[in-house]
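Presented sequentially are two complexes of subunit A, the first with subunit B as partner and the second with subunit C.
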Partner chain A sequence: MTSGHDARKPPRARGFPIALQGAVGALMAAGIVAALTAEPVRNAAGQPTFTMGGHGAKVVFFHVPCAWMAVLAYLVGAVEAWRYLRSRRAAGRRAWLHDARSAAAMEVGLVFGVLATITGSIFSHNEWGVYWSWDPRQTSIVVVLLLFAGYLALRGAIEDPSAKARIASAYVLVAVVPAMFMIWVLPRLPDIATLHAGANQAVVGGGLGTEYRLVMYGLMLPAFAGLFAWLVGLRMRVAALEDRAVPDASNRRARADRELG
Partner chain B sequence: MPDGSAPSVLAQALAVFRKDLDAELRSRTAVTAVLLFSVTSLAVVGFAKGAVAIPEPVQAALLWVVLFFAAFAGLANVWLHEEDRGTSAILRMHAAPEAIYTGKLLLNLLLLAAVALVVTPLYLAMMDVSVGRPGALALVVGTAGFGLAAGATVVGAMIARASARSSLYGAVGFPVLLPLLMMAAHATALALRPAAPASDIWGALTGIAAFGVAIVAASWIVFAYIWEDA
Partner chain C sequence: MISLVVVPLIVWVGLFVYLVALDRRVARALAMSRREDDL
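And then the complex of A and B:
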């Protein structure tokens, strides 16, 4: 993930503060314990509403935060790509940080997207008997995964560091259009909207009780958000080390300029 | 330019379009690649189908699979020939980025229109598809073709700078165009049915047109960054 930057100011990325690392670990541990021990959801007659005695749906505690983090990663990637394009001519390491953060968010987003797809398939299999049914939600996560993968493939195939950062940032911004269509337009089209209409209703439409919501929104989502920020920070530090260890073309050019006076 | 002022963006775009059209008419690289690819994929699809009757949604999806790959076989050529011949720098000096994007988009629209005019009737005949609403089908192919050309143009500009471009084009372009292809296949399936409600077709057409316009708008905003040199 090398980027164009000034060789006289080697890039540095700050790490995730140690106190926050502890907080993320504690939240995650509390979230996992609470998720595993939460009472199964029951209907009015006292019967478990999900399979495996009501425990079959608990994978949503991991699935929903992963899906949210994949979307958050795309948003961070797009905002940072725009900030990179606006600041790319500025001196110092600000532009480098924006590009590195955008690339790191896209890379971490791919991981969360894959995890969301796997956990979603497990939920689908537990509750509806099939791993995959191409409902609008499942299709949209596939498109988001492909966008992350396309971004990384494009980034890896451009050698010039400045062109790499610019073109990859432009790709993230153009790809906002299909991402928005997948989430807001396509599921509302006639015919498509009626397919698998119940897919998310078991969870979103009141299937989860107060305790589940507390665990999900109070523990798991903040823990995953912290984990996301932590991973992005780590990836940026690796990128900074890579850029300093393997000076890219722009570094060499800057050094040559300096040596020539 | 008698008064010495720079020509307008539209005039520049038309000049880029004419230049590329002349080059294309001379070499016929893109149009040959696209047409040959379409006919080959049509034959593959027809051969795979055999005498089996397939439902409308599958017929519609196959048409868009053929058009998508045909578009991607040739539409990047407008950028690749500039990079391969080293003429990008001269083009940069003579036209604004927006004009270059618009000129290239116009040529790709023309190419895709030519391909759609050949491929769609051939497909309908070879696959023995009956069309319930021919007018609606023409509108769907035209509107979705606009979005397809717009998306293929901007993705082509991005991958022109990359290595391993031919294999990358589909991988990078497919996710950008997937929602359009899904909407186009859905609207085409509606147009094949004689009894499909007109309001449903209009709804789908609005979505497709909005996608094309949004891609063109996003491309206009970011194209200067893609095209910039160093």
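And then the complex of A and C:
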């Protein structure tokens, strides 16, 4: 991915502040310790409601933040794509930053989406006996991942940096609608039978105990959000370095491919 | 109990692989930059 805008050199993307790096590390470390030492989930009668004596519920401490970061990626990607399209005529530092942030968010979102799928599959195996059952939510995450992958394929397929940024931004603004439908609406439709109904109630419907809510919302989600911001910033710095090193690198690679092919 | 170890490991290994991929892109960009300077 070369997130460049033509005509001007890309700016130097700022690094993630060292204080925030420490905060993310501390939150993550505290979250992992708290997650692993939390009490197993049991019902009022003291019976475990998840496998492994109730410890099986702890997979959500990693699975849910990964899934939420994929959602956050779409939102950041769409907002930044919109801001790029509004500022692109200036073709300057601000336009470059919006496009680079949108592209970085989408790429990092794919990574978190894949991790959410793998960890969710392990949870599915523990609780429901199979890794994959084409449950509506599993099916919808496949579509969401394909939309992410389509974005990266589209960026890779366009040579001209300006056209690349413009078309990719339009793609995100279109793709965000089916992606949000797949994540938030489809699995909740009344006639859709999903294994996730119980798990969703446990996490979103207030079914989590106080300790689990504290670990999830107080430690893991902020830690993953910080990690997401850190990775997006890092990806933008890589894009800036690539564009500054060879501003028309993608064009030269494409020309070389044509000459060879 | 094993998945309580495997799940965090998968998350961290996945992120580590992504960081390695970013590192390789940086190395390639720097190499291309040096090649441009030589030309």
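The rule we apply is simple: the second predicted complex is superposed on the first by the 214 of 261 C-alpha atoms of A that agree within 3 Å, B and C clash if a C-alpha of one lies under 4 Å from a C-alpha of the other, contacts with A are read in each partner's own complex, and residues count from 1 in each chain.
Going forward, contacts are C-beta pairs under 8 Å (C-beta built on N, C-alpha and C of every residue); 3 or more make two chains touch, one makes a residue touch a chain.
Values in this document were obtained by computation on a predicted structure and should not be read as measured data.
*Asks:* Between subunit B and subunit C, whom does A:D160 touch in the aligned arrangement: first, second, both, or neither?
*Replies:* After superposing on A, A:D160 lies in contact with subunit B but is clear of subunit C.
*Asks:* Does subunit B (first) or subunit C (second) touch A:S87, or do both, or does neither?
*Replies:* neither
*Asks:* First (subunit B), second (subunit C), both or neither: which does A:F62 touch?
*Replies:* After superposing on A, A:F62 lies in contact with subunit C but is clear of subunit B.
*Asks:* Go through the superposed model and pick first if A:Q21 touches only subunit B, second if only subunit C, both, or neither.
*Replies:* Neither partner.
*Asks:* Is A:V238 touching the first partner subunit B, the second partner subunit C, both, or neither of them?
*Replies:* The answer is second: A:V238 touches subunit C but not subunit B.
*Asks:* Between subunit B (first) and subunit C (second), which, if any, makes contact with A:Q138: first, second, both or neither?
*Replies:* Neither partner.
*Asks:* Given the touch rule stated above, what does A:P178 touch, subunit B (first), subunit C (second), both, or neither?
*Replies:* first
*Asks:* Under the contact definition given at the top, report the residues of subunit A touching subunit B in one complex and subunit C in the other.
*Replies:* After superposing on chain A, no subunit A residue contacts both subunit B and subunit C.
*Asks:* For subunit A, which residues count as touching subunit B in their complex?
*Replies:* By the definition above, subunit A touches subunit B via 85, 139, 143, 146-147, 149-150, 153-154, 157-160, 162-163, 166-167, 169-171, 173-178, 180-182, 185-186, 189-192.
*Asks:* What does subunit B use to touch subunit A in their complex?
*Replies:* Per the touch definition, subunit B meets subunit A at residues 154-155, 158-159, 161-165, 168, 171-180, 182-183, 186, 190, 200, 203-204, 207, 210-211, 214-215, 218-219, 221-223, 225-226, 228, 230.
*Asks:* Write out the stretch or stretches of subunit C touching subunit A in their complex.
*Replies:* 1, 3-4, 6-8, 10-11, 14-15, 18-19, 22, 25-26, 28-30, 32-33, 36
*Asks:* What residues of subunit A sit close enough to touch subunit C in their complex?
*Replies:* Residues of subunit A touching subunit C: 32, 36, 52, 55-56, 58-59, 62-63, 66, 108, 111, 114-115, 118-119, 122-123, 126, 227, 231, 234-235, 238, 241-242, 244-246, 249.
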